[in-house]
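In this document, chain identifiers A, B, C, D, E and F correspond to the written order of the chains, with residue numbering beginning at 1 in each.
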Amino acid sequence: MEIILALGIGTLAGSGVWLILRPRTFQVIIGLSLLSYAINLFILAMGRLRIGAPPVLATRGVGDPLLYADPLPQALVLTAIVISFATTALFLVVLLASRGLTGTDHVDGRERDS
Amino acid sequence: MSTSVLTASLLMAHGLLALGMGCAAFRMLRGPRAQDRVAGLDALYVNAMLLLLTFGIRSGRSLYFEAALVVAVLGFVGTVALAKFLLRGEVIE
Amino acid sequence: MSRFADHLLAAPIVVPLLAGALMLLLGERRRALKAAISLSSTFALVVVAIAILHVIDLPPNRAGSTGVYRLGAWPAPFAIVLVADRLAALMLLLTSVLAFASLLFSLARWHRVGAHFHSLFQFLLMGLNGAFLTGDLFNLFVFFELLLAASYGLALHGSGALRVKAGLHYIAINLAASLLFLVGVSLIYGLTGTLNMADLAIRIPAITPENRPLLEAGAGILGIVFLLKAGMWPLCFWLPTTYAAAAAPVAAIFAIMTKVGVYIVLRLWLLLFGVEAGASAQFGGDWLLFGGMATVAFGVIGTLASQDLARLTAFSVLVSSGTVLAATGMGQVAVTTGALFYLVSSTLGLGALFLLVELTERGREPGADVLAVTREAFGEEDDDEEGEIGVAIPATMALLGLAFIGCALVVAGLPPLSGFIAKFALLSAALNSSGANGSGGPISGASWALLAMLILSGLAALIAMVRAGIRTFWAAPNRTIPRVRVIEMAPVAILIFLCGILTIQAGTIMRYMRDTAEVLHTPRSYIGNVLPPSASEARGAGRS
Amino acid sequence: MSEAAELPAWAALLTATLVLIGAVVTLIGSIGLLRLESFYERAHAPTLGTTLGTGCIVVASMVYFSVLQTRPVMHELLITIFVAVTTPVTLMLLVRAALYRDRSEDAGGIPGPDHS
Amino acid sequence: MPQEMLLIAIVMLPFVGSCLAALLQSNARNAETWLAGATALTCLVLVSTAFPAIAAGGIIRNKIEWLPEFGLDFTLRVDGFAWMFAVLITGIGFLVVLYARYYMSPTDPVPRFFSFLLAFMGAMLGIVLSGNLIQLVFFWELTSLFSFLLIGYWHQNAPARDGARMALTVTSAGGLCLFAGVLLVGHIVGTYDLDRVLASGHLIRSHHLYIPTLLLVLLGALTKSAQFPFHFWLPHAMAAPTPVSAYLHSATMVKAGVFLLIRLWPALGGTDEWLWLVGSAGLITFILGAYIAIFQQDLKGLLAYSTISHLGLITLLIGLDAPLGIVAAIFHILNHATFKASLFMAAGIIDHESGTRDIRRLSGLWRFMPVTATLAMVAAAAMAGVPLLNGFLSKEMFFAETIETHNGSLLDDALPYIVTLASTCTVAYSLRFIRDVFFGPPPTGLPRTPHEPPRWMRFPVELLVLACLVVGIIPSMTVGPALDAAVRAVLGGDTPEYSLAIWHGFTPELLMSILAMSGGVALYFALHGYLLSGVEGPPLLRRLNGQRIFERILVFLSWRLARRLENLLGTRRLQPQLRLLVGMALLAGAAPFYAGGFSTGRPVSDIDPGFALVWAVGAACAIGAAHLAKFHRLAALVLLGGAGLVACISFVWLSAPDLALTQLVVETVTTVLLLLGLRWLPKRIPEAGAMGWWTQMLQWHRARDLTLALCAGAAVAALAYAAMTEPVPDRISRFFVENAYTQGGGTNIVNVILVDFRGFDTLGEITVLGVVALTVYALLRRFRPAAESVPLPEQQRIQNAYDDEHPERATGDTIADAMTIPALIMRLMFPVIGVVALFFFLRGHDLPGGGFVAGLTMAVAFILQYMAGGTHWFEARLRILPLRWMGFGLLVAAGTGAAAWLFGRPFLTSYFAYANVPLIGPVPLASVLLFDLGVFSLVVGATVLMLIAIAHQSVRSHRAAPQTRGPRPQPAPRRMEVE
Amino acid sequence: MTRLLPFPLVSAGLLVVWLLLNQALSVGHVLLGSAVALAGGWALAVLRPPKARFRRPAAIFRLSSMVLADIVRSNIAVASIILGQGRQKRTSGFVHIPLELRDPYGLLMLACIITSTPGTLWVDFDPAKGVLMIHVLDLVDEDDWVRTIKDRYERPLLEIFA
């Protein structure tokens, strides 16, 4: 499983990096979204893989850490998801504004002269 | 015995549903038209939802139900938005 | 520390949060009330920062005094703690003072130019203060994001093609950097199992040799992020454009933003990779040194190549942060002492300069035409934007010129203002590894480089500033005298005055800086305060 | 998986069968998406998954958890209801969008708006 | 006054006076003069009172602690040498103030002038009275600054600006070198204290850093004194008002350089390096200055080069490295200050009264201003070294010193001949100054008719010329004691015997004087015709313009090269920056493995084929999105959704139901968001047939980016795999698992972490969301769509056109028909989704869910209605006022945290209890629920605000459409209602 | 009553949803669920959807079971089409059906039925002309489809929604 997840994360990250290096704002925003998926999974992976052990206590009492997946990376991912959602929205609006003010969707606000 | 049958069938169901996702993903990739891609995504969602349900059965805990529920309740919103965009050129008029 | 002082540590974060949130409930038109709230909140922050500084600096335990605030009353390595040591307290004060000046300046005009300026401003302060105070690596990420998010908003404040173009780059790069931040933090957590900075300092020396490259990869990636925020070459190209495009009060408060990156490098590098970090001790120190120098070189080139004053100032920001980085990379207490003084001095000077630039360029604002177009399109919304830009006060040009000279002196490191003292302290320390009573022994190559760098950067800054100053103040006899209000000149004057105070009170302030540097270089007291031995035994236990 | 052992054989087999049927039907639907020729034909295919596929697996889940927890577990029904209610929205809009797009491009075989 | 206070008063008084002067009215010439004059005079008197204490070789010191950590104390120290300079500075300063009163025009803003002049005086006094080298540098740079301001006083003139800038650049650069040199001195000696440095000459000279130290210090001194090759700035500084020239460029600032040389001679002098460096600089300057001065056509230019030459002379004397040379140097400093200041003032009078300084135009002024002419003649004679005048005395000493053997080299032997030759030039230009200006035919075509200046304008000249005479005739009775004190202060025990008499008998130096005198007269008459021809500048060197070379170099280095380097080393484009970021991160992530080797542990779990298949889909979606994002945006968006869905499934698979839930809802909202944005982006059609090198360039870029992307992907995968397979460390999360229920009161550990253990993170995170929403809102209020995005989308235009064609249809019927049933279902879903949101909210603490998911779900419910009915339709029924939700949410969350203060607990300390409600049983009452309510409220507000703000652009944009298209039925423009 | 409970059926549905979601029938949940259901009704009322008029619940039941059976049958039919494609010739196409049904909720139900039945697809309904256009996967005879839809589905719906 580790290898699959690692490859999956790698694919997402690679695609994302490819896109953020592209010249069109829309490509960049898609790239950033893909990257944030990759990173979210990466964070989760840092807690090590556990299958069928969601960190929800089955019994009300002192929990046994061995029985549950590491909850902390999950909490971190939740925060990261929220933040990346917010920043995606922001970037979208900025790229729209840039498009409106500069007349192009090139990331530099002008087409490269060729 | 029955348990292993169940286990095997669940594993198989995972595989079948994942294959179904593959078919949907093919449509999303190939198109040819935008509506094909959107239909593919919709099918992907349905497959994923069923995958989550079978996963819930496999795990024996009902903690995964909500994820499936969210797909059922909200999964259509994205598709509606896409369809509306195709239909009208903008999502909210 | 007393209980009151204990709760004081949360105030720099909670006060701006409450102020910012409260202002969301007020309507768009109630600007006076918002300004009052914002101003009082910022003033309160100044007071709080002074109070914290006072408590931290209290004798008898001066050097080792560190305030620790356990949020939610949860024990330390597990939950989030706020830690105020001397460095954090210093940064809090610097931030609040700069913020107060910027805010005051913005009341003349800028706070009316876009929506929710005051809320964004307060949230920026919350983010900055949180980044300075937190003792938790992931919480640092959150506050970084907060201050960045607010900075995005403020950088775009006033809109216009220039700002939006610059903002797009700024945001894209910082979003990518934020993702790297997450990679670094989670990697470090995956290997050490902790997020608490002090706890990390304890655990890093014990990392196994197989895991060490992984840990260092995480630390390296984090380092890239912080150095990007600090504006290290070659990760700094976004900075001049963004800062130059930002509205004046925003640019002024941004003068502290690169210093956040520098602060984190100072804090984490010295805490986690100090001499006690085992096999990873001094990890990346050369990178800081050479990167810092490259940054200074690039900053100098940029200052010389700049045609407008705002861009010149923005490049000076690079010079400033490069200098601190390089000095930090030398890894010596005395040099760090000088670097801290330099940090404060240059931040105040650059803040003042950013404010001033706008006043002097007021006659020929390049963004004006863009604003006009927008106004034409959506007229009714920006009706009162121009309003009363100001009565021209007498001798405006003379005052502006004087202020400009003051800023230029601070930035170029010339007497009589604090820039000179800062450079002197840095160089004296670099040449004589233990103050001025060095034995005349050999001087390291790094010290020579620092010497050359500071001298040359000072000269370049001087040439550039003189060129710009002459163009602005001397070469245009027929220019219209900008209409400047007292409320706009006052903050500039305050900041320059503070640079003067820094010069006169150099002895007292430098003593504080030395104590700060000592604590930074021997983080045992920091760790001991965050994780007292008694508490680490009772780790499993919850709150009492 | 640990608790599956406690399940009686009939329930296990029933669950297994239903799950498999559901999965197979859904897969067939997905294959239809792959193999059918025009968009309008392909749009029919996923309905297999949303109806019979979902139905079978939901029932399987209900049976499984009801037996496992020895109490009626019904909340899966909600999924069926929501899917049944929301699928028309997406399909109707999507097909309509396709129709308008085809009409504006004068694609062949599409009845015009004035057909009566 | 105690002597310690005296020193402080002497240094501070000018600065206080400067501040006061700046505050006076701009036309208050008399008041300014009184103030400045009084200040200078007071300083002079105060300085004078110190003479008894220093006459016998005493030193007055005053030390104030300033920066003890770094060995910098504010130390004032006056000995005989400093005293002499202080008298010069204050005395001539007073005369210049008096002179300036009449020189400055009533239209000149005098406060600035006098303020700067006094400040300069203070800085100069600071230099000479410094007892600490760093402090000396401090004042040194101040003199550069104030001289800049004074030279640029008439900044409306380009020459003034250029001259000021050049003076500042050269002298400040020198000052910075001096700074470095002084730091090295401090490094060698271990202190910056002047007394201890002067006592450590041997240590310094034998140190391996001696040469760099000496070079740096000399760079400072020689630039300030305008010594070759840094002499070129001084003539251009003549653009300053003449009082400034008289003060700065004859008596004070340029003397700071030689002051420093003499001051540090005991510490740095006495070596071959000193002799060669200082001596040759002085010699060249002496000759060059004198030579060029002959050919100047501007009176002040002549005086400027003369000054350069005389300073060269002084430097040469210092460079000779002999005690008697130092004596002569000090004496000549004094003499030069008197006669050169008076000459400058005289030149100023001529300029002032006749309107020109051009020697070619001036002639026969004797007739119009006999007194001034006489004074100028005496002063010029002193400059030429005519006997009975002070210049003669020091020049004699100089000649005598050149005859002495110092190191026996060829140069040393040739020195007497060379200096005699140079002195010939001195005589020639002095004669020229007199004869060409005051004698000859009456001038024609002068701007003004010349006449004698006002009484008090001439007074300073008279006083200075009188000094020249008196010193020249009875030197030992006048300057003797002061000179003695100065010499002793420098040389201490090495003070040689010297005599200040006029007549030493027929000595070789007398012969040299006679030769120079007669040669000079001959030279003048020989050149007279050539000089009248009117060519500016000296033959041979005319093409060699120091200023132009300097400017060229400066412009090249500080502008052209800088701009080229900025383009080379930096970029303003985004892609290279991101490439660099990725590259640097790769480097930082990979470098440790280069040293430490890459190793992984063993995978813990077996491969599940289903999971592998799912990820095959995910990877295909990701790559597809990357491939299609340029030309098929919608496809990329759809594929992005697919990749996100796979991520959600992974979350479920890997035991993170909360994440799956959140990610799913976020997916939905993000899709809607991006679609809302898509409407404003330009249509992008694959362009056909880009070709040639540009295509290849593109290919190369793409190949590079692809490599980078592959490397980044591989690196992330490798890092993830390596870290995942490593053994688990002791984690702090253990605490959370153990205490989530017992101390946090919830069974959903993740939620307890979010709202309690690490609630502070959540508080920050929702603030981020709020901030972003505010930014989005603020930015969109100024949104200006691109021209082609303004009209209705094509689909709507076609559909509206169809409606318009048919009389039985109303515009909008098409969409209304299409939406009837879907919209009804969407409407019915509104309360249902709300119920689901509430469900998620309430159960979050124990089971997957929570305020964030709930808030997003609620937001989706709202957005769905916007999609179903449109903006107008929905807002006619319900106003959401998202800003209120946000403010409320933040206040509730922060307030819940702050409420702990009321109980004396730290911020965010949670509280929970069960309340027994009849019929229902125990109901949990937890403060974290309230906190989560804040989260919920903020998330609803922020999400809705962002989405609506974008959606509103469709409504707004129509009214911004160009009016030229004629009126169109439009919805009434309305502000976004969010308040 | 209508002020308090503007959409009784919707509110009842919401209560059921609430109880199903929470898998609980405790007094507390019923009370809370009722409150939620009431609030949900008011929320819906804000959007002012058309009022529904239901009659004959028995017909609803009959229709439902018939639809369920149809769905299963159609599933099998469509599955065999998908799997057997290529072996037999098959045409698909659009069918126009004139409808009498005008009640929005009735149309809604019809739409749900048609879309939920594999093999038929709701495409377009022109309310002015009252013509429904559907797409049929396996189109043998157009009139056959018109009859089927009208008889099997429209008539019961006309009974239910007056």
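Some notes on this structure:
Definition applied: contacts are C-beta pairs under 8 Å (C-beta built on N, C-alpha and C of every residue); 3 or more make two chains touch, one makes a residue touch a chain.
On a predicted model such as this, the values are computed, not experimentally measured, just so you know.
Shared contact partners of chain C and chain D are E.
Ranked by how far their CA centres sit from the centre of chain E, the chains are topped by F. The most distant chain from chain C, with centres taken as the mean of CA atoms, is F. Each chain gets one centre point, the mean of its Cα atoms, and the points for chain B and chain C are 48 Å apart. Work out the mean CA point of chain D and of chain F, and you get 16 Å between them. One finds 40 Å separating the Cα centroids of chain A and chain E. Shared interface positions of chain B, defined as residues touching 2 or more other chains, are 17, 19, 21-22, 24, 34, 38, 40, 58-60, 63, 69, 73, 75, 80, 82, 84, 86-87.
Multi-chain contact residues of chain A (touching two or more other chains) are listed as 20, 25, 28, 42, 45-48, 52, 54, 56, 72, 79, 83, 86-87, 90, 94-95, 97, 101, 107-108. Residue numbers of chain C whose C-beta contacts span two or more other chains: 138, 142, 145, 149, 152, 156, 159-160, 164, 168-169, 172, 176, 183, 187, 189-190, 195.
Here, these are the chain pairs in contact: A-B, A-C, A-E, B-D, B-E, C-E, D-E, D-F, E-F.
Here chain E touches chain D in the complex through residues 794-795, 798-799, 802, 818, 821-822, 825-826, 828-829, 832, going by the rule given at the top.
Residue ranges on chain E touching chain F, taken from their complex, read 808-809, 813, 817-818, 820-821, 824-825, 827-828, 830-832, 834-836, 838-839, 843, 865, 869, 877-878, 917, 919-921, 923.
Listed in rising order, the residues of chain A touching chain E in the complex are 1-31, 33-34, 37-38, 40-42, 44-57, 60-65, 68-72, 74-75, 77-79, 81-83, 85-90, 92-97, 99-101, 103-105, 107-108, 114.
Contact residues on chain C toward chain A in their complex (touch as defined above): 138, 142, 145, 149, 152, 156, 159-161, 164-165, 167-169, 171-172, 175-176, 178-179, 182-183, 185-187, 189-190, 195, 370.
On the chain B side of its complex with chain A, the touching residues are 58-61, 63.
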